[in-house]
Every structure is written in C-alpha cells, then in structure tokens.
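The two complexes that follow have chain A in common; it is paired with chain B in the first and with chain C in the second.
And now, the complex of A and B:
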C-alpha cells in the first residue's frame, strides 16, 4: 500500500441528498473507477453489484453471516480486492457482492475518515485519516452565531 | 459450471460455516474477554485464528499465512459480521455455483 501525505477529497451530493464518492476498485484481471453511494446502514466495507464485480477477478476470501434489511440473516461470500482512493493506493478491501444496481461504501471502509456534509450547498468533503480535527467552514460558523 | 478459480477447490458453504462456527465456539469466551468487537478470521482446519480492527485487517493477516485458503469471518460479540439496511436477503447472490461453491439447503 502506497501512501504519501494526506488529502481532502471531494464527493458529491445528488438531488435526492445521497452522498457519492469516486473510487477505483481492482481485482486480479482489471481495475474499474466507479461511483459508489455512501451507505451508513451498511457496516461492511464495500458492496458491489454482480455486473461490476465479475470482470474485476476478485479473490474469494471468506464466508460470513450478514443481516439484511428484512431482518433475515444469511451466509454470504466475501471477496478481496484493492482500493485506490485519494492517497490510498492498492489498499486491500473486503467486498460483498449482491445482485443489486449500486456500489455501496459502508461504515467499515470509512473508519478514520471525516465527512463534512453541507446539504444546503450540496457539498461533500472527505478528510483522509491523519488530517486534523474537522473544521467548520467560516460561512457555516458565521450563520450559526446568533 | 467449471470452477473459475481452480486454486480454490469447491466447498460446501453450509458445511464450511457449521465447522467454522463449531471451532469459534471453542475460542468465543476468550475472544469476547480480550477482543470484543474486533474482527476474527477463523480456519477450522488448522484451528488458527487472526484478529483485526477491521475485516480487511483480519483477513489480510490470515491470507498472509495461507494465501489459498478460505476463512470464516466473525465480528466478536456480534451475531453477524455485517448488516446492510438497503438490501433485502432476496438480493443476495443466487447463482452461488459461479464461485465454485456448492450450496445446499
């Protein structure tokens, strides 16, 4: 894993106030840059739709038990790939593969990151681990002073 | 369908999970005392386990020792390793044979 310095990353917020980031995920056969939805209801690291996961050549690494939205639990397979995001290159990432449409970044991947979300201005700022405490942008500070 | 990854022999997921959980039961008390909420990758065949702060940490340590093995991942003290609130169980993969697993109900 190569890492030089730290970065502040930009994500984007869509018209439905969903938070998106651009990441590059790779396996044994290829890398792909994708838009992934930040899903705080997902405690894993990364979830990929089947059609995104298969061409990457991900390595089957483990099995585990997962709880789904309908409360059901089931044994699922876990794959390992690599993640390039900001200054992080080729970081091993644990991947769930589901028959879904949207790649999801879960809380497990965001450990150590700081997310600043301004829904009003549709601005998402992500601070990589190692950056100082989050600072509130001056215009927000000004507004909150009464 | 042929196994797309011949280095990983097909396994029966149900049997694999059962044996892994049986092994985990033997180390569960110790881990719940010493490593609550951490992730553990277990290998029931060698009776080894690897702890990590994250799932990837635990699995990377396990893979470093046994690159070709498949492990069972558990979050210590939790009934499941992950939860996902935007997907129902119906969206889980149905064609498990794709990865060389045989799946029995």
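And now, the complex of A and C:
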C-alpha cells in the first residue's frame, strides 16, 4: 500500500562505509523497527537474522535454492511479512531468514528507488519511486510567476 | 552574475528522467540548464538554454543524451533573462566542456557561478 506523494528518506553510512536504513518489518504477531544493511549483491528483498524473524510470526511461503557469494548452494525457506518504509505501508515483502547477525536489504527491494551516496560527507539519501519535484527557493518562485 | 541553480526535494539534484516537468514552476520558465551524468567519471553531458520544460522534454528522447542513463543523469537549471543567456551558455560550455558538443553562440562569455564548487 502506498500513501499519497513520495518522500526522500535518510539512511546513514558507518565508519566502514556500509549503508544502513531504518525499516519496520512485521509478521502475524508483531512489528519491529530495525536497522538493515543495504547489500546490492543480495538479489532478494529482505534477509533477517533468526533472532529478529522468530518473534515476528512470519508466514512460511516457499522454499528456494540460494547461491551464496562463494558459489555454495543451499535450499532456504522463504517467508512473507510486511514492510513499512517511508510512504510505503504494509507492503508484502519476501524474507529470507538466516542464522546471521545483520538484517539485509537487497536489490529486489530497491527497485525504482534512487540512492544518492556521498561517502565524503557520510550522507545517504534515498528517493522513493515516483517523480522528482523541483525545490524552488521563494525568490525564484516569485520571479517565475507571470 | 549569480544564478539560482534549482535542486529537487531533499535539496538533492534532480533526476533527469523523474523530474516533474508538469510542475507549475516550469510554466513559461526560460533560462539555462546543465545535464550531467553520475559516477563513474562524472561529466557534463550538455549545456543549453531556452524554455526549460520544452528543452528537457526533447532531450529525454535524444539517444546522444540518454546513452548515459546507466550512470544516472541529472539536471539543474537557472532562470535567466534572454539577453544574458547566450553569454552564460558559452561560459558554461567553455567551463565544463560538455560531452555532447555543438556550436555555441559566438557571444562574449558571461561568468556565472556553477552548480558545483
């Protein structure tokens, strides 16, 4: 579900130049707001550690073969939950659950988003899918009126 | 001359393809504009002038410009009165050496601030 308009979202860049965003993920029993690492090498939508996923009450939807960066393949369970992020509310999201420490946002979730990364200033700006509205200073607005 | 280079929501540079050209800001708006592409090897792609809405609409269908889409294409513009545009366009073209060259008007360059330091 998408509310009216779109937003520019802020993330943050840590000292190791890793990109992080804050998202809220939910299942049948609860919602949790978490910090997730953007991993563009992960083609899925969202990956959650076991300790985050279990209390949410996620729905098991499928099993799929996963290929890891080292080439190793594994059969993994896929779950469905909901995602709240910016103007996106209760969007169904496919979740891989791993025995890891870090939630990951993958490329599948970022389709249509624009990420602007300034490593020098440690700024991460995320534009939601949609149109880009000009931000017009007041004096220019005045001059451009006929 | 100091120009107001316009940005988009979040004080970020406007995405060339996603920019809302139907925004009332563009009604009768004329000036100069710069199109550039992002990393790797960011570079100015085109410097132009005229009716901003019309010009950007045309450029969105020009393969010479859209070939840089995968790098990310951005645009900024500044309202400028017609009498100054030729000189400013020439100055910006000489300053940034756009990838898509063309014959810029033989007017005395008018120095302006650039969108970037």
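The criterion applied here is as follows: the second predicted complex is superposed on the first by the 131 of 146 C-alpha atoms of A that agree within 3 Å, B and C clash if a C-alpha of one lies under 4 Å from a C-alpha of the other, contacts with A are read in each partner's own complex, and residues count from 1 in each chain.
What we mean here is this: a residue touches a chain if its C-beta (ideal position, glycine included) is under 8 Å from a C-beta of that chain, and two chains touch if they have at least 3 such contacts.
Since the structure is predicted, the reported quantities are computational estimates derived from the model, not experimental observations.
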(message) Per the contact definition in the header, classify A:61: touching chain B only (first), chain C only (second), both, or neither.
(response) first
(message) Let me test your reading of the model: by the given contact rule, A:15 touches which partner, first (chain B), second (chain C), both or neither?
(response) neither
(request) Please work out whether A:78 is in contact with chain B alone, chain C alone, both, or neither, and reply first, second, both or neither. (result) first
(request) State whether chain B or chain C is in contact with more residues of chain A in the superposed arrangement. (result) B
(request) Considering only the touch criterion stated at the top, classify A:114 as touching first (chain B), second (chain C), both, or neither. (result) second
(request) Check whether A:127 is in contact with chain B, with chain C, with both or with neither, and answer first, second, both or neither. (result) second
(request) Using the superposition on A, tell me which residues of chain A are in contact with chain B and, in the other complex, with chain C. (result) none
(message) Please output the residues of chain A touching chain C within their complex, sorted ascending.
(response) 8, 114, 116, 125, 127, 130-137, 139-141, 143-144, 146
(message) Show me the residue ranges of chain A that touch chain B in the complex, using the header's touch definition.
(response) 39, 41-45, 47, 50, 54, 59-70, 72-78, 80, 91-94, 96-100, 104, 106, 108, 111
(message) Can you tell me which positions in chain B touch chain A when the two form their complex?
(response) 5, 8, 13-14, 16-17, 20, 41, 53-56, 59-60, 63, 70-74, 79-94, 96, 98-101
(request) Give every residue of chain C touching chain A within the complex, in rising order. (result) 4, 6-15, 18-20, 23, 25-29, 72, 79
